[in-house]
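Chain lettering (A, B, C and D) follows the sequence in which the chains are written, and residue indices restart at 1 in each chain.
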Amino acid sequence: MRPYLHKVQYYETDKMQLTHHSNYIRFMEEARIDFFEQLGFPYHRFEAEGILSPVVRVGCDYKKPTTYPDIISVSVSVAECKKLKFVLEYTMQVDGAVVATGTSTHCFLGKDGRPVPFTAFPEFYSAMQKELNK
Amino acid sequence: MRPYLHKVQYYETDKMQLTHHSNYIRFMEEARIDFFEQLGFPYHRFEAEGILSPVVRVGCDYKKPTTYPDIISVSVSVAECKKLKFVLEYTMQVDGAVVATGTSTHCFLGKDGRPVPFTAFPEFYSAMQKELNK
Amino acid sequence: MRPYLHKVQYYETDKMQLTHHSNYIRFMEEARIDFFEQLGFPYHRFEAEGILSPVVRVGCDYKKPTTYPDIISVSVSVAECKKLKFVLEYTMQVDGAVVATGTSTHCFLGKDGRPVPFTAFPEFYSAMQKELNK
Amino acid sequence: MRPYLHKVQYYETDKMQLTHHSNYIRFMEEARIDFFEQLGFPYHRFEAEGILSPVVRVGCDYKKPTTYPDIISVSVSVAECKKLKFVLEYTMQVDGAVVATGTSTHCFLGKDGRPVPFTAFPEFYSAMQKELNK
């Protein structure tokens, strides 16, 4: 899988003259969307079937500051994939140095707000299992 | 009408160590929502009736920089109110000095995406006319 | 300590029609800034002395969705305060129901980028110790 | 000049399930930064010389809604370039249809906060004049 590239924008920096910490959570979302597109399961296809995929938990460790105009390379991997939740891990790098790492936990909800097991989408579930074992 | 107060947050500043210019457009939205609540017509009530109120045009003139932890006082007034569009004007001040002025233009759309005249909500239209003549 | 109130803004919602998960990280910052003001040590006073206080780690658990125009009440407490790092805990509630919990870890850096022990600010350190033991 | 491409992110949408209007102001900044890089005068080079380039005025007309995962193509042109201010125009398109147009006005300030004429950077000024006459 190709890492996702995010160029830090001016509006993503703050008074400390560094990328504001909340934005890394957004970079993780951008990379996650890209990861699922590369996997062949773009998020908007699930949306079209009435599936929502809320974030259940998120975490980020900040190692080194970044700022405009750094280009952050985000690698995504599947850390866990059970029937009702999956966990992704993110490694964010600038010029080969790790600047932050993160994790996010997700589930699928149907139109009625109830959890939908990933096994309801066998090809997706199988692709996730393959990624998990990489 | 009471001005709306927005305290500039750290995440709203940028590398120039000032409030990022895009955020004033958001302060205008916050003040607009507050203005309609004060007027007795909270936006979410229109939403509940299936009305969307998209922004058609927006503009902002930046006069003086602001930054965290400034408190910006935003006054809203009705500059124009026809059947199919209204224009609001915003004056943003810190400690009595104007820091920015703005305008925004809005319409109402129904569920089918078609324009809905404000006269479909006679009490709202009449309240807007009163504000216009202030 | 008085909880911090944040009204969810329209621009903080997303296509799922809920508050976007990244914004809770920002609400935590707003509440943290307010917490230190209530404690008598506003962050901008540290900034004026050349101290930066970067976020080292952040985490959030999402329990229930929120959306515009919910008012989120954020309670902050000190979970840990050593010489070189402190950890804050956040409980976010709407109408008495917990919607999210979070933690953030912080240090102090001087102008040279080196860690500054909180004991360099004895009154601040002592106030934090008192909060820790509450 | 190559148009700048921005993929609408999930966090840039709102409860109306469309791109929030404030984000177009940010897309304009992204495109502007890219425009100056293509012109051979990246903004961070001015910053390194102590020049700030605040936004003096901004405006945007919204023509058609966009949403995640649309790709917005932003074309930038120089509408005016005097000694102390320049005006840029933006045309934003999705699949060949104009979704929004915008303008932004800028000046240069030195470390002392005073205006710096663009003619202090003759190669930049000359490149801007060439773009103006295109």
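Please note the rule applied: a residue touches a chain if its C-beta (ideal position, glycine included) is under 8 Å from a C-beta of that chain, and two chains touch if they have at least 3 such contacts.
It should be emphasised that the depicted structure is a prediction, and the values quoted were computed from it without experimental measurement.
K.L.:
If you average the CA coordinates per chain, which chain's centre is most distant from that of chain B?
P.N.:
A
K.L.:
So which one's got more C-beta contacts, B-D or A-B?
P.N.:
Counting C-beta pairs in contact, B-D comes out ahead.
K.L.:
I'd like the Å distance between the centres of chain B and chain C, where a centre is the mean of that chain's Cα atoms.
P.N.:
Averaging C-alpha atoms per chain gives centres 29 Å apart.
K.L.:
Report the inter-centroid distance (CA atoms only) between chain B and chain D in whole Å.
P.N.:
Taking the mean C-alpha position of each chain, the two centres sit 24 Å apart.
K.L.:
Could you tell me the distance, in whole angstrom, between the mean C-alpha positions of chain A and chain B?
P.N.:
34
K.L.:
Which chain B residues sit where two or more other chains touch them?
P.N.:
Only 10-11, 15, 22, 26, 29, 68 qualify.
K.L.:
Mind pulling up the chain A residues that touch chain D in the complex?
P.N.:
Answer in residue numbers: 9-11, 26, 29-30, 33, 42-44, 68-69.
K.L.:
Spell out the residues on chain A that touch chain C in their complex, using ranges where they run on.
P.N.:
15-16, 18, 21-23, 25-26, 29, 47, 52, 54-62, 65
K.L.:
Across the complex, what residues on chain C touch chain D?
P.N.:
10-11, 13-15, 17, 20, 22, 67-68
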